[in-house]
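Data first, discussion second: the structure below is written as structure tokens.
Per-chain residue numbering starts at 1, and chain names A, B, C, D and E are given in the order in which the chains are listed.
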Amino acid sequence: MDIVITISSGFFLLMGSFLCFSGGIGLLRFPDFYTRMHAVGVTDTLGAGMILVGLMILSTDFLVFAKLVMVLLLTLLIGPTTSHVLAKAAFHNGLMPRGLSTLEQDNNKVYSTSNP
Amino acid sequence: MLIAAIIAIFVAMILSIFRGVVGTTLYDRILAVNMFGTKTVLLIALLGFVMGRPEFLDIAIVYALINFISVIGVLRYSDTNQFKHTATDNETVKKES
Amino acid sequence: MIAHLPILQVIIPLMAAPICLMLKRTQLVWLFSLLTSGLAFAVSVLLLQQVMTSGLISYELGGWQAPWGIEYRIDKLNAFLLLIISGISTIVLFAAQTSIEKEIPKDKHIYFYVLYLLSLTGMLGIVATGDAFNVFVFLEISSLSAYALIAMGKNKQALWASYQYLIMGTIGATFILIGIGLMYQMTGTLNMYDLSQRLPEVAQSRTVFAAFAFVIVGVCLKLALFPLHLWLPNAYAYAPSIVTAFFAATATKVAIYLLIRFTFSVFGLSFSFTTIPLQTLFMALGLIGIFVASFAAIFQSNIKHLFAYSSIAQIGYMIVGFSISSVTGLTATLLHLFNHALMKSAIFLALAAVVFRVGNVQLNSLRGLGRQMPLTMAAIVLGGLSLIGVPLTVGFVSKWYLLIALVEQGWWPVAGLILLGSMLAVAYVWRIVEVAYFKEPVGPPIKEAPMSFLVPIWALVIANIYFGIDTRISVQVAEAAAQSLFGVSL
Amino acid sequence: MVVVAIAIIRMKDLFAVVMLAGIYGLLSASFFVAMDAVDVAFTEAAVGAGISTLLMLVVITMTGRDEKATRHKPLSALLIVTVTGGLLIYGTLDMPYFGSADAPIHNHISPRYINDSMQEIGVPNIVTSVLASYRAFDTFGEVVVIFTAGIGVLAMLSVGRRKEDDEEIASINDSMHEQHLVIRIVAKMLIPFIFLFALYVQFHGDFGPGGGFQAGVIFAAAIILYTMLFGLSTARKVINQTFIRLIAAIGVLLYGCVGIVSLANGGNFFDYNVLASDAIAGQHLGILLIEWGVGCTVAAVMIIIFFNFAGRRELYQHNKHSQNKESS
Amino acid sequence: MLMGLLNYWIVVVLMMSGLYIVIAHGNLIKKLVGLTIFQTSVFIFYISMAKIEGGSAPILADDITVYSNPLPHVLILTAIVVGIATTALGLSLVVRIKEAYGCIEEEEIQQQDNDQQAESKAEEVA
């Protein structure tokens, strides 16, 4: 039983940390804001979730377990929300994705007519 | 295993600091702060387990909340005209790409 | 209840502040704060009496023994300071209601009184406590309320002055915090008495030296000692007049108290004055401060600025007395503390009356005021004479003691310089006299100040003269306090 | 951390500076966790990374975000900084090494806190027992400091509310809220949870990290979140200014009254032993009450500060708006 | 010696960068940020003092014998509160200054003040 716990938690933790790490790399290396956000948003939520699940498997106390569940719920709720708002705000305020920047003028026009 | 995870997260934190410092656009910085916050939550949860004091999780919850609130705050207040994406910012983006 | 006097001293104004917030009418708030301040004054009188008869009082907060809990430790020095602060505050508050009517918007009067009481609390707390960290906490209470009070001034310069004060004050407080941290690091205690017992063991270490340096620099920032004085003139000049009267008389005194407390009681005389060339340093800074500030005062056109610079000069005198490090020198400093509080609060209150009637305190709007507001201007002139140190005023007494102390040590040149400094005071006081009495009045006739000003002003002026003639009480207390400080450390 | 600090020195864009200051706060908080100072980390995270960053942001929206390239006095500043830093490093040379157990601070006062506080006070969290009982007066001072700050901000920033502004501001807010649908729903789910959590922190302070101050900040944070998303005027309808001012005053009074009652019962100020028949029970009662006092004041003052800043901001926006109208 | 004190030295560097911002920069908000950094670094300094090798957080538990020193934690809790109070007050001053002067740069404000003083002096002469 012990070995199962160790192995499974280890698996989750390693996966989680790998995801976080790659998210960090993505944040640093990707070319523009939206791709960076993609890297962070996706890996962060999953990575954090994985690490928390790994810790949950390790935990022995019920209270600790409950708190971990709470943290997990919070990250699941908050992570995507902030990503969503962030992207929306960035786009709303006129930051164009890379490659679209040539179409900037048109886009702005479309934007301003469609959104009073 | 926990130690390995801590190191990985630590590295990710450092990377996000770099993004925060380099920035180029406002939203990159916000993103970096956000990511930094989530990483801190994880780091503290892990540290609690390493030190054998899982009471630390309370702090992790607070961090998650504060992180959320501050990102919302940033966005709410960056929505004014003052923070409209300026022409100079766009230029730097173009140059980069 | 007698046993609880030390804590009551601080807790009365403290508890009154939030209660003020609940009262509806400003009239009521004023009466209430006046009452509170008067009560605090009564407590301080009782405390001084008790200390003079039975010696040191120690009060353990929370019932925990001293190095573990926080201790209030009242000796003669604190009791003396407590008396000055609460007394001045009470007298100044008399005039507050009339004065702020014209200077602060109506809806902010309540906040003014609350902040005033909090500031009083902070100062009393700094003086009464025997715990190094508690000093920091109360220092911040008094300074935060001071920033807010200064920013209430009606000119926009008040805001800028307050901001500058905030930056300087916070740096000073943080320096003190670093100093306390280093001391704590070396001794493991925060209680002042305990510190003084344990510091000599580690006195040779470089850490203690650094701690000393940080505490002294931090206190000097608050004190506005010469090179660090830049925040003071503007802060005093643009604050509401009543606030100026209160702070000029008390705030720097509290800083001087801290300086004396840390050098004499905590670090001990031998460390402060033999290990480090503090004597020469302070002597030099004090003298330069006297001259630079007095010269600056001569060229001011705003009278509040003028007297603010004069305050810096007076701080110089106190520092010189302090740096002599003999009983007489310290007595002179303490006397000057008391006397300066009396004369400066009288002068600034009179200026508050001028502001109330005239609207500003530019030198040229004072033309002919000597005939229109005779009582007020007479008070300013008497205060000015006291600043110069004319016999029969309090200023004379303290300068006399200062000179005696210098001569005792055989430092004739310094004594000469002090006399020269007083001559400069003549120059700037004369400018006011000239304008007020020998120029024709301009503009519409101006009435004498209302009674709510005249009573406290003249109470202070009479005290000025009374303590200048009958020096027994003040000298006795100051001497006893100075002796007890040397008794502890030697 | 050094990197962040230096980056802040170099940065001209105030917005970035504030963001980095937020990161700095989070970093130092993580450091506090690593140094075993859980309560401090708790507070620093809520304050350094949360509240103060928010306040700075609000101010920046009013004052503009660019730092002008002005003539600095880098040389004299550098001189002062080097002298001070040199003095500090000189001072550290004789300090006990980092983490060594035989340093004086670990051997003089603190052993009593660690060894005896359980018998004397009966609270497992030593930080709470020192904070609330041994050094209760410091904490009282702290509450008064925050109260002073609240009054100071009120004295400087409070604006009389005018009716005609409300509509316009409300319309501005409405247009803004269209975009915020998702967050609003999420926030609605979160806010009750935050309140619950604040209560948990308040009561759990005896056993784990937390206590009145932290709970107060969290509570205030929930209100601030609400205000940001639903507009100031809506939030003001829920909690009005006079009421919140009253709460702040009551917090301080509650704290002080605990002391006064202990005076009346024949003990010294803040001597909780006399509050109940049994010393330990008295300590528990005392700590519970003063934690409530702290919590009330802190939450109230934080809300006051935020409301006043936000109120000023709306006024500012409104003025700008009307100016634009006039000029066009 | 290097390892024993390195921690403190880094803290000193942090403090000094905070102080440098306060002294050298003219922007009022940036000064406040600098002040915050300065203060936070002092907090870090205190907390480092409290650490004991092998110690644990000062919350009593059955199986732990070495605790870090709780007293600096208490002091710093108080100091953090003081810090946020100062920051809030400072920021409110900045807001008012912006309204009164129309800018938040030290030099421009000084300039405006000097102008005004010169004006009042000129009036006096006239």
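Criterion: a contact is a pair of C-beta atoms (placed from the backbone, for glycine too) under 8 Å apart; a residue touches a chain by one contact, two chains touch by 3 or more.
Since the structure is predicted, the reported quantities are computational estimates derived from the model, not experimental observations.
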item: Partner chains shared by chain B and chain D (touch criterion as defined above); value: A, E
item: Of D-E and C-E, whichever chain pair has more C-beta contact pairs; value: D-E
item: Label of the chain whose CA centroid is most distant from the centroid of chain C; value: A
item: Reference chain E; chain at largest CA-centroid distance; value: A
item: Between chain E and chain C, distance of the C-alpha-averaged centres to the nearest whole Å; value: 26
item: Chain centre separation (chain A, chain B; CA means) in Å; value: 11
item: Centre-of-Cα separation between chain D and chain A, whole angstrom; value: 28
item: For chain A paired with chain C, centre-to-centre distance based on mean C-alpha positions, whole Å; value: 58
item: Where chain A touches two or more other chains at once, by residue number; value: 78, 81, 85, 89, 92
item: For chain D, residues contacting two or more additional chains; value: 36, 38, 60, 64, 88, 92-93, 95, 103, 105-106, 109-110, 113, 135, 138, 141-142, 145, 148-149, 152, 156, 179-180, 183, 190, 208-209
item: Multi-chain contact residues (two or more partners), chain B; value: 30, 32, 51, 53, 55-56, 58, 61, 65, 67-68, 72, 78-79, 83
item: All pairs of touching chains, each written as two labels joined by a dash; value: A-B, A-D, B-D, B-E, C-D, C-E, D-E
item: Touching residues on chain C, where the partner in the complex is chain D; value: 4, 7, 11, 14-15, 17-19, 21-22, 59-64, 67-70, 107-108, 111-112, 114-115, 118, 121, 125, 131, 133-134, 137-138, 140-141, 144-145, 147-148, 151-152, 178, 182, 184-190, 198, 202, 205-211, 213-214
item: Contact set on chain D toward chain A in their complex; value: 179-180, 182-183, 186, 189-190
item: In the complex with chain B, residue positions of chain D that touch it; value: 3-4, 7, 15-16, 19-20, 22-23, 26, 29-30, 33-34, 36, 38, 41-42, 45-46, 49-50, 53-54, 57-58, 60-61, 64-65, 176, 179-180, 183, 187, 190, 194, 197, 201, 204, 208-210, 214, 218, 221, 224-225, 228-229, 317
item: Complex contacts: residues of chain D adjacent to chain E; value: 1-2, 5-6, 8-9, 14, 17-18, 21, 24-25, 28, 31-32, 35-40, 43-44, 47-48, 51-52, 55-56, 59-60, 62-64, 67-68, 70-74, 76-78, 80-82, 84-85, 88-89, 92-93, 95, 97-101, 103, 105-106, 109-110, 113-114, 117-118, 124-127, 130-131, 135, 138-139, 141-142, 145-146, 148-149, 152-153, 156-157, 207-209, 213, 298, 305, 308-309, 312, 316
item: Chain D partner contacts - residues on chain E that touch it in the complex; value: 1, 3-10, 12-21, 23-27, 29-30, 32-34, 36-37, 40, 43-44, 47-61, 66-78, 80-89, 91-96, 98-99, 104-107
